[in-house]
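For reference, the structures are reproduced in the following blocks.
In the two complexes that follow, chain A is the common piece, with chain B as its partner first and chain C second.
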Partner chain A sequence: MIFSSLIFLYLFLPICLVVYLIARPIQVKNAVLIILSLAFYAWGEPTRIVFLILSAVVNYFVGVGIGAFKKEKYQKLCLIGGLIFNIGMIGVFKYSGFIMRNINAIFSADLPVPDIVIMAGISFYTFQVISYIVDCYWGKIEPQKNFFKLLLYVCLFPQLIAGPIVRYETIAAEIDSRKTTLNDFSVGLTRFVVGLSKKVILADQLYRIVEDFLGSSVDVLTISGSWYGVILYSLYIYFDFSGYSDIAIGLGRIFGFHFNENFNHPYLCKDITEFWQRWHISLGSFFRDYLLPITFFGKRNKYLSLFLVWLCTGIWHGANWNYIIWGIYYGLFILLETFIGKKRMNKIPLVIRHIYSKLVIIIGFGIFYFEDIGKLGTFLRNLTPFNPNGWSGYFEQASLMSNAFLIIAAVVCTFPLMNFFGKLAEKNNTAKAVISVSGTLICACLLAFSSILLVDSTRNAFLYWRF
Partner chain B sequence: MKDKNNNEKKTPRGLLIFNIAVILAVFTGITVFINTAPRPTVSEEEQRELAKCPKFTIESYFSGEFTEKFSEYYNDAVPMRSTWKLIISEFRDKLGFKPDDGVDIVGPLPDIEE
Partner chain C sequence: MSREEIKEKLTEIFRDVFDDEEIELSDSTTANDIEAWDSLEHISLIAAVEKAFKMRFTMREVSGMKNVGEMIDIIGQRIK
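== the complex of A and B ==
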């Protein structure tokens, strides 16, 4: 089920809210959330919940095993078993087709290529359970002895499909005891509406334009048309993914869970290192905390370790060469910035750093977009003066003129507007009341407008669902 | 329970209640409307029959057919569909959003003129 669909918003969610708010005590609330989360995940393809529950069962026993054994040797065996299972699950469901296709291509073989449909959210919930068993092994958390509490952590529907990747320690206490305060409910509702609006009003509308430029014949794009398309794609992907995270965090808050932030206005970054501290924070911190310390290269060679982290970041995003290139591309810029050093980076004029970082990010999203390597090559050429179609054409000018309001709104919304108004509201009580009431009315209008736009909407799936 | 959001400034209770009440009023209003108002069966503007509510069977549920068709019905046969479509079209005209007409223009201008 998709968050930005009428059936989720006006059938599933109202039932969910009413049943959850009536349910007492916390054990019943947890049971309600488990049942609704499984129903949410099963919608469209009921058999896939078998694998979700299997993942919870296996990792529950791995956690219990790590807790039960006193000798580190046995604890390590449990952990390795769990890691093989989890990575194997992603390997089979996400990468088997890609691996077989490449084996066939390299060795001119004719091995059968498995046609497995990627299960929505498998990369997200598998990374959550990996973080759980590794934290159990490191002694950072106590293994959960109640299976249903672990199942709730694994299948909690707000963040099940596209993150943020929530650590068990973040919500462990809230699984046992939580309370939705008036502030939680208000902030959660507002965040939910903001996320929905980002997705429906900005991302979905931007994608319609992106498809016109990047989705069809790349070879006829002019230089400005190529840049225009990829800049809008960069805006689209931000609003699509951060919109989902906002909805997840907002819903979590309504149910009394406090998830960590996943985005922090990434386009305000001044370099690529900072970009990755602001973009998909939960994935970056996962690799930093779980992969960097245990890489084969150890602490002796941080550059090779960094390279491995970025290779994995690319592979995580999808079973295609463009994602691997995309990961390595970012790895190279991070390595470059590490070589230069923070002090010397800070000496570079701010304008130049902003231009450099935005260029790298925008070209990077071009690599991310094109799964066809041939088209990617054509597109990258078209960004340069080697483009045979010239500098500019009629269509990008017409498109820019007719979508000016949307594009301006999208650019403005990449800035921290909420923080700006929050600071303005601190001045005095009147300002606070005016800003708060205006914010409420704007949110109500955004909810109504988003709902109208969803009528007969056909292109509303979130991009990160397929990861 | 430890408050993980200490950085959030205290908002007066009255403003919180106002925020919840207004957003929930819109949300509840749309929920009641969309689930109780009569659903159209035909779109005269598009000259087609709208999706019908599928019959539930165990087989159709486990094959995913029921959920897929029910989602299609719920999103397609929305009460007052024509009015909402007209509003969307007006908004797109006024705000300059690209119309969702399914027509994509591809290729340089001279090719299309030919």
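== the complex of A and C ==
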């Protein structure tokens, strides 16, 4: 089921909230959440919950095994078994087609290419369980002995499909005991509406323009048309993905869970290192904690670690060469910034750092967009003066004029508006009252406007569902 | 080796790795206190510490160390 759909908003969610809030005690609340989460995931494609439950079962036993064995040797065996299973799952469901296509291409072979539909959310929930079993092995957390509590962690529907990648330790205590205060409910609901609006009002509308430019007519785009398309795509992807995270965090809060933030106004970054501290934070911290400390044949080498992290970041995003190029592209800029060093980076004028980082990010999302490497090449050429179609044309001028309001709104919304108003509200009671009342009104309007747009929309799947 | 001696030796390594002669370590020093200490330089730091003390950190320790005090404790146990 998709968050930005009328059936979710006006059927699933209300039922969910009523049943959840009535249910008591916490064990029943947990059972309600498990059942609703499985129903949410099974919607439209029931078979995939088999693999979700299988993943929970296997990782439950891996955790229990690690807890039961005293000898490290056996604990390690449990962990390795678990890792093979988890990575194998992603490998089969996400990469088998890509791997076979490449083997066929390299060796001119004719092996059958499996046609497996990528299961929504598999990259996210599998990374969650990997963090769980590694943390068990490292002794950071106690393995969960109650299967249903672990199942709740794995299948919890707010973040199941597209993150954030929640660590078990973040919500371990809340699985056993949590309360939804009135404040939690109101903060969560506001966050939910903000996320939904980012998705429906900004992202979906931006994507329609993006499709017109990058989707169908990349070879006839002018220089300004190419930049226009990819800048809008960069805005789109931010609102799509961070909108999802807002919804997940907001829903979590309504159910009494406090997930970590996944985005922190990434486009305010001054360099690429900072961008990745602000963009998809839960993925970056996953690789930082579980992949970066790896040794290579017993030796530590930060450059090899860096390469591995960015290769995996690329691969994680999709089974295609453009994602791998995209990951390594970022790795190179991080490497460059490491060579320059923080001190010298800070001496570069702020304006230049902002321009540099935005250029890298925007061109990066161009690489991210084009799965067809030929089209990617055409597009990259079209960004430069080598573009045979000239500097600018009617197409982008007309589009810019008719969408100016949307684009300005999107750019403004990349700034921390909520923090701004939050700080303003702290000043005095009158400001607080005004902001609180107008905030509620704005949320109601946003929800109404999103619903109207949804009635009329055809395409609204979240981009990150594929990953 | 006493905790003080370990700390002294560590200070030298930190100054060397982060290229900053003014670094002073205390048990509560964390990555937030030293500008150049990010997750990537952490790997260089760990490698340098391991070499100087002829010991190994586990992956868990590399990823989970909270402050310099914890690092000193681990080194103290390891080189007994």
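As a convention for this text, the second predicted complex is superposed on the first by the 463 of 467 C-alpha atoms of A that agree within 3 Å, B and C clash if a C-alpha of one lies under 4 Å from a C-alpha of the other, contacts with A are read in each partner's own complex, and residues count from 1 in each chain.
Everything below uses one rule, namely that a residue touches a chain if its C-beta (ideal position, glycine included) is under 8 Å from a C-beta of that chain, and two chains touch if they have at least 3 such contacts.
This one's a predicted model, so the numbers in the text were calculated from it and none came from an experiment.
Colleague: Determine, for the superposed arrangement built on chain A, whether chain B and chain C clash or fit.
Modeller: On the superposed model, which is not a single observed complex, chain B and chain C fit side by side.
Colleague: In the superposed arrangement, does A:S305 touch chain B (first), chain C (second), both or neither?
Modeller: In the superposed model, A:S305 contacts chain C only, not chain B.
Colleague: Could you say whether A:Y290 touches chain B, chain C, both of them, or neither, answering first, second, both or neither?
Modeller: It touches chain C, and chain B stays clear.
Colleague: Under the stated touch criterion, which partner chain does A:T273 make contact with: chain B (first), chain C (second), both, or neither?
Modeller: Only chain C is touched by A:T273; chain B is not.
Colleague: Once the shared chain is lined up, is A:C136 touching chain B (first), chain C (second), both, or neither of them?
Modeller: neither
Colleague: Answer with first, second, both or neither: which of chain B and chain C does A:G341 touch in the superposed model?
Modeller: Once the two structures are laid over each other on A, A:G341 reaches chain C alone.
Colleague: Is A:V187 contacted by the first partner chain B, the second partner chain C, both or neither?
Modeller: In the superposition, A:V187 touches chain B alone.
Colleague: Put simply, what angle do chain B and chain C open at chain A, by C-alpha centres, to the nearest 10°?
Modeller: Taking chain A as the apex, chain B and chain C sit 160 degrees apart.
Colleague: Mind working out whether A:L38 is in touch with chain B, chain C, both or neither, as first, second, both or neither?
Modeller: neither
Colleague: Compare chain B and chain C by how many residues of chain A each one touches, and report the one with more.
Modeller: Counted on chain A, the partner with more touching residues turns out to be B.
Colleague: A:E426 in the overlay: touching chain B, chain C, both, or neither? Say first, second, both or neither.
Modeller: The first partner, chain B, only.
Colleague: After superposing the two complexes, find the smallest distance in angstrom between C-alpha atoms of chain B and C-alpha atoms of chain C.
Modeller: Across the overlay, chain B reaches chain C at a minimum of 19 Å between C-alpha atoms.
Colleague: Any idea which chain B residues touch chain A in the complex?
Modeller: Chain B reaches chain A through residues 1-2, 4-5, 8-9, 11-13, 15-20, 22-28, 30-31, 34-35, 61-62, 64, 67-68, 70-71, 74-76, 78, 81, 84-85, 87-88, 91, 95-98, 100, 104-109.
Colleague: Where on chain A does chain C make contact in their complex?
Modeller: Listed in rising order, the residues of chain A that touch chain C are 137-140, 273, 288-290, 292-294, 299-302, 305-306, 334, 338, 341-343.
Colleague: For chain A, which residues count as touching chain B in their complex?
Modeller: My answer: residues 1, 5-7, 9-11, 14, 43-47, 173-174, 177-179, 182-183, 185-187, 189-190, 193, 205, 208-209, 211-212, 215-217, 220, 258, 389, 393-395, 399, 401-406, 422, 425-426, 429, 432-433, 436-437, 439-441, 443-444, 447-449, 451-457.
Colleague: Over in the complex, which chain C residues touch chain A? Could you list them?
Modeller: Answer in residue numbers: 19, 35-36, 38-44, 46-47, 50, 58-60, 62-64.
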